[in-house]
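Scroll down for the structure; my scribbles are underneath it.
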Amino acid sequence: MSRTRFARLAAAAITALSVSALLAACSASGGAVAGLAGSGGSASGGTAAKGGTIVYAAEQEPPCLSGGWLQEAYIDRNILDSLVTEASGGSIKPWLAASWTVSKDDLTYTFTLKAGVKFTDGTPLNAQAVVDNFNYWEKGGNSTAQVSIDPYFKKAVALDATHLEVELNKPYLPLLTMLAQAYFGILSPASLTRSTEAQCDDPIGSGAFEVKQWIHGQELILVKNPNYTSWPATALHQGPAIVNEVDWKFLSDPVERYAALTTGEANAMYDIPTVDWTSAKASYQVTRYITPGKPVSLYMNTENGPFTDVQVRQAFAYGSDRKAAVQTAFHGVIPYEGNPSVSQATPGYDAAVASAYPYDPAKANQLLNQAGWTGRDAAGYRTKNGKELDVKLAYPAGSVITDEGATLLQILQQQWKQIGFNVTLVPETQAETFSGAYSTPTSYDAQPWYWTSPSAAILWIVWRPSTKADPNYSNSSFYNNTQLGSVIADGNTAATTGAADKYYAQAQQIIQNQAAAVGLYDQTMSIAVAGNLHDVWLEKSQGEPVFEDAYFTQ
Amino acid sequence: MTAVAVPRAGALARLRELRFRVQLGTVISSLIVLVLLVAVVAPAWLTHRSPTAIDLEHTLLPPSLSHPFGTDDAGRDLYTRVVYGARESLGIGLGATGLAMGIAIILGFAGGLAGGLVDTVIARVLEVAFAFPVLLLALLLIAIRGPSVTTEIVAVGIGSAPGYARMVRGQVLAVRNADYITAATALGHGRWAVIGRHLFPNAMRPLVAVITLGIGQSIVWASGLAFLGLGVAPPSPEWGALLDSGRMYITTSWWLEIMPGVVIVLVALSVTTLGRTLQHRLEGAAR
Amino acid sequence: MSTVGEATVPVASRRPSARPHARTARRILVKVVSAVFVLVAAASVTFFAQLLVPGSRATAILNQQNGRAQQWTAAQLAPVNHEFGFDKPILLQYLDYVGGLFRGNLGTSYTQYKPVTQVIGDELVPSLVLTVGGLAAAWVLALAVILLTAKRRRFISALGSTWEALTASLPTYWVGVVLLVVFAVEIRIFPVIGGTSPLGTVLPVLTLAIPLAGFLGQVMRDEFERVLDQPFITTARTRGMGDTAVRLVHALRHSVLPAITLSGWALGALVSGAVIVENLFGRPGIGQVLVTAVNTRDVPVVSGVVLVVAAVYVVANLLVDLVYVLVDPRLRAA
Amino acid sequence: MTAPAEATQENANVSATGTPLLHVENLRVAFGDTEVVKGISFTTRVGRCLAVVGESGSGKSVTARTLVGLTGPGSRVRSDRIELAGLDLTRQSERSWQAIRGREIGFILQDALVSLDQLRLVGDEIAEPLKLHKWGTRASRRERAIELLSSVGVPEPEVKIRQRPYELSGGLRQRALIASAIALDPKLLVADEPTTALDVTIQAQVLDLLAESKARGRSIILISHDLSVVARLADEVIVMRGGEVVEQGPAHQVLHQPRHEYTRALLDAIPSEHTRGTRLVPAAEHESPVRRTRKPADRDAPVLEARHLTKVFRGPDKVDRTVVDDVSFSLRAGETLGIVGESGSGKTTTARIALALLAPTSGEVLLRGQAWSALSPSQRRPQRKRIGVIYQDPLSSFDPRWAVGRIITDALRTGSRPPSSKSSARARAIRLLEQVGLSEQHLDAAPLRLSGGQRQRVAIARALAPEPEVIVCDEPVSALDVSIQAQVLDLLTDLQDELGVSYLFISHDLGVIHHMSDRILVMKEGRVVESGPADEVFDRPQDPYTQRLLTALPRLAPA
């Protein structure tokens, strides 16, 4: 079963960065970068070698390489270059753009491109090519890119071969952060005019690798671009990729991925099964990345059903030991997240909010009594006016909620049962999820979901009050609070990050107080790399794995 | 006129003829099925624990005296879950096979008895149905109706119906031409009387064994659906669901995958073995 | 020598008909027409079945392009509806689809934007290798066990039939997991990531073959034991033929007949098994395509896969008929 | 390796001498605790035929198989001596047995349709013993197969070796089987019921073939239940019953002056022109056969009348085949009309038309002068009680789930006087059982557990239950041993005397037909070739086919 990691994007605002927990050798190899351009230098593991093929055990196979999925961005990072890249601490560094200036009114960005860069189809990178890309995004060529800039982007103009100007409708501070994501990889102009099908199978950029062959259902083979000149400022070495090929295998089964790593068939793997975490840490270089944005938390249906009553929602939050359950279900690997609106890796995160609603069955019972759910039926569930306290908890099984997540929900279900909730778990199939079968107020009472984004501006996307004229279908709690809406809007237009964070903290408090959502755990991404492979790293905007600096040692 | 001596059909001889050829396999199979039936009817007789009671202090314990099959990732006793899962798993097996047989009997008898155009139309319909293997049908149905026990029963039932329908039709054709059918007609019995009193019971007799095979196979199919993430909703201890959730632990906590697997195999094997014993007996009796 | 002529025995029953060619042509035509009917009907059923999935296809396409699970405004849905022709009446969409089938056009994938023929075409060969390999391996396994154990000493026979009953009861997926862990992870004989390499095909094929071999074996064993009691087997023995030769030369050919029929039926089980095996071993094939397409509501791809499975079924059953007649020429006369 | 030409020459020398070939002394065979052959001894001689005769369960087939070391699994064989031309057969390994079988001893089983591998070419089957005993090359074996086929009188042997057994007619097939048995010209031929299930004309051909082998100096052991077949070939006869030899001696003595009562009973039980109008089994109080007094048939009132019946079947190849061609007959009250013919003659189809189980393509059947075949099924149903039927295989005509009592009461309910209550049904069922020589204790028996004769008695009781005017008997005794056959035939005639019922009696057995029938219809390929009073047809056959049939009929009296 494929486990889709849905790409979650931020349409609005702000820079800043996620915490990345780099472990073991990865940090050590940072020093071995510079001297490696020509012959293989020596590194901690042994003699560095040029060439070789990295077998990367990835998870889900996307249907198309030009789209808005995170899984697509992971691949695109290695074949496309973006204008800028994000470094530690959220700073923006040059990539295809050697430098840039921003006008005083924050409405005009002028980029100066690196000279001598060529796409892999031989055409040169020039300002017009980048302008074409902006127009392509705006047209919807990449849906995620489109919605990330759409309300702000006005036009892009090539000034000369190496200079272009991007004009905005209104100030948009997160623009550069957004542009750092692989959704904004620059495609060759020839590539843009091809059919959707060709664009899907083989997007042409100026990256360190290009698509050699895509054996659907099995693997995507990337081959090194020998003429690569446009590495980003954050690169660990100067020059084309050191390995010859990256064999991007699609293995949906985590057990099989880990087995491939242990048998040496794969040199790196995506998403270590939590049960194998300890052994993986002992034998391999393990990197974990906590995704910024909305963590995995339960949307509570405030429009229909038992959760229309805030006391019942609060009782639900008090009624289970979520922290202990997350600890057990994820074997202590994935952190509990008590803040339902933004993850601990998100700038503007309010840690105080996260500690609300500790496990307190007495409090939960008291709240339910107050709410009038005083009866108990034969099965021990609470009733009110003869109606059982039923909660339909639907979850996108296999995609958003993995097997471990399902175990977590089952543990919670038993605890909720103790205080009188009859929670029915409803696994959604992917077809149902996509069809929107669980998107209406009558289709569920609670539903867990996450939404990756580099910024707390994600709050606006999720919690913006829905109006007739401008419905917000992303507000899956159907929670329309105009006060909350205006607090978030204030945050978005604040002049400084400090001011913005205050507003965002206020918003987080409102959501938590109202229990419009209930926090569960952080969305994380992890990779494990074999001991003889070095300098595989995750970029900062959304944890895309980077292979151009990687090399083997004997 | 000489009275012919009564043959050795005396009580003793008949007893010897009727005597069940007791084989070890049959005995073991019967025992397993017996335990299974207890698990279905009164699971509490076999375990004092609850299948959903979690115990975060005792997760992933290997098999021991107090937890014969070990515990799972939520600290639930796996043995208890397997015992309680019997009802749903067997329900899927019986339900799917029952549904399949129901469809098969209608189509098989209509085709076999009516012949001509009706038979041709049914044969075509069956051919189209054959193009939908069980799993393909299940995928489609689950996409339409969402995963549930009912969907699994319907999917596996409809998926295996064409095979049964062909068997029923074959049986109807074979029995239709049997001498005793002709004999009943020659005695002056009406068409429906002959069908009801002779054709139906005799055509269905050899299918008793097929039905028991089908029950085992349906359980096995249901576990395949669970593997594709299309099984019944948690925390149901349905066996296929147990297998699916155990997969992640195959290298670290083997019992979560192996124990339910062994139980599924043993049950399918026992039901099948009993079915075959029954088949051999029925065939022996018919000869 | 008696002179009573053989003329008294009518042999007219096998005289060929007056116009053999016309009859053969007619028979072939009937087969072709019914095959086409089966294919179109199967694709049509799938087409309509998928329209029953809750939610609109445009919503599914938008959600799946954007990785969301939400509702969309009419304005957002309109261009998608137009692009894929969902704004046309259902009947018209259906007629377009069926019309396309006859031109060899199975439509365009909603997710890969490629012709369905291409999406499936790429994956067909690995799937065929898997299923045909599975069937062949199942036959080899079943035959070996039968020849070695059927109608031997009681213990050996019991061992053989227990093995068959046991393997026939194994869930495909469980066999796969156990084989993978034992032979790829613990004892590293076969690769974990097999792909389509010959070595990597071994475990998937075995996973499919082992349960099927149990089934075939059970059917063959009954028949084999029955055949060994036939008078012509005694005849062969009275000519001085040894036991092994009797089994191989005489009994085998008779006892494979029901298993050949079952092989046609087993196709469904093989395809179902392939869906599981391909997903388990990360092997390309139409099983994986199918699961993905059903998940993403890629209607044309799902219908296309069903069409291919139906076609394989039709062809396989023609082959079964052919092989059956080759093994038992008596049927040619009938 | 024996060159066939030499062999023939050698045989010519010894053919008349009667040199002993096989000695068997005190052979005992047991399966588990049950001894099925209880001490039998005999000697076969070169150029002679020894016949082992007995009914089912007599142990004759087991004896035959023991001679080639194929007694079967679970058997225990003991003997004082089994010796074939100086070779001790009691102590042979399986390997050396394989060398003996086919080369020293040839074996012929009944009906080649099941005794030859239907999926292999006739040529391969014939050449198989040659190949197994490493005789010649592939090409020479093929030559030899053709030669053998031609020597057993098969026309176009080059064509036939490339055909499969099912493509050959019954006679050719049986000859091919014999050809394969004599391929290596073994000294001893064991023939186990070689002519059972064959039509009488083909049976004659096969016997001739065996006689020819005997004349060439081969020794034959003929296993048969049929004394008249034996009479044609045997020089010496052993009569077995229950594993014991009851009589043993020269053929003419055993067959014509039997010393043992059982042999005599067996001989008496054979229906033929001589037994017409007599009981085949003497009633207990009488020592000798008693002449029956037959009621004169009511000549003027035909019960069942067939007029120009024709039945055309369309085969799967869309070719029409006329199976019954312009058949007319009339059956009068209290009379037996025999229909005789070989397989494929259309006699069973005629019976089914008479029963209105099958509609004639043209022509009609009248019952008591009223329309019968022309009635609609619903009109006919209430009339069905007037015609009963007895089948060849009674077991298959009973619903396998039903006990005897239910079978008979079910039939009673279809009659004109359906029983009013359960107890009266039971009483009448018991009366019927007693009428056919069974008793109350058979009521609850499953037919499967009854003997063949008892099953046929139940079938007769069922046929009688609705009190029909006519009973169609379709080969009612063909599957029965001769003594049982005699009992059933006696029962049928007794019932006719008692109840005045008419029989349409169908059989391939000329003896049975002659014994039973008042008048006879001889059918061949769907047509009636001859008809008339039984004695007339048998004594003065007009049609060449009838004549041929009668010539081929094996008789006890040397022809």
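Order of writing sets the chain letters: A, B, C and D. Residues in each chain are counted from 1.
As a convention for this text, contacts are C-beta pairs under 8 Å (C-beta built on N, C-alpha and C of every residue); 3 or more make two chains touch, one makes a residue touch a chain.
Just so it is clear, the model here is predicted, and its values are computed rather than measured.
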| item | value |
| --- | --- |
| B-C compared against B-D, more contacting pairs | B-C |
| Identity of the most central chain, Cα criterion | C |
| Centroid spacing, where centroids are CA-atom means, of chain B and chain C in whole angstrom | 22 |
| Separation of chain B from chain D, taking each centre as the mean of its C-alpha atoms, in whole Å | 45 |
| Distance from chain D to chain A - Cα centre to Cα centre, in angstrom | 87 |
| Gap in Å, rounded to a whole number, between the CA centres of chain B and chain A | 46 |
| Of all residues in chain D, the ones touching two or more other chains | none |
| In chain C, residues with contacts to at least two other chains | 53-54, 181, 185, 279-280, 291, 294-295, 297 |
| Residues of chain A touching at least two other chains | 1, 253, 259, 429, 431-432, 437 |
| Complex contact set, residues of chain D against chain B | 281, 283-284, 355, 357, 377, 381-385, 387-389, 391, 393, 396-401, 410-411, 414, 437-439, 441-442, 445, 448-451, 453-454, 457, 462, 466, 487, 490-491, 494 |
| Residue ranges of chain C touching chain D (in the complex, touch as defined) | 1-2, 4, 6, 8-17, 23, 230-232, 234-243, 245, 250, 253-254, 327-330, 333-334 |
| Parts of chain B lying in touch with chain D, wherever the complex brings them together | 1-4, 6-7, 9, 14, 17, 178-180, 182-191, 197-198, 201-202, 205, 285-287 |
| Complex interface listing, chain A residues touching chain B | 1, 253-255, 258-259, 273, 275-276, 324-325, 328-329, 397-398, 403-404, 406-407, 409-411, 413-414, 424-429, 431-432, 437 |
| Parts of chain B lying in touch with chain C, wherever the complex brings them together | 25, 124, 127-128, 130-136, 139-140, 143-144, 159, 163, 216, 220-221, 223-224, 227-228, 240, 243, 247, 250-251, 257-258, 261, 264-265, 268-269, 272-273, 276 |
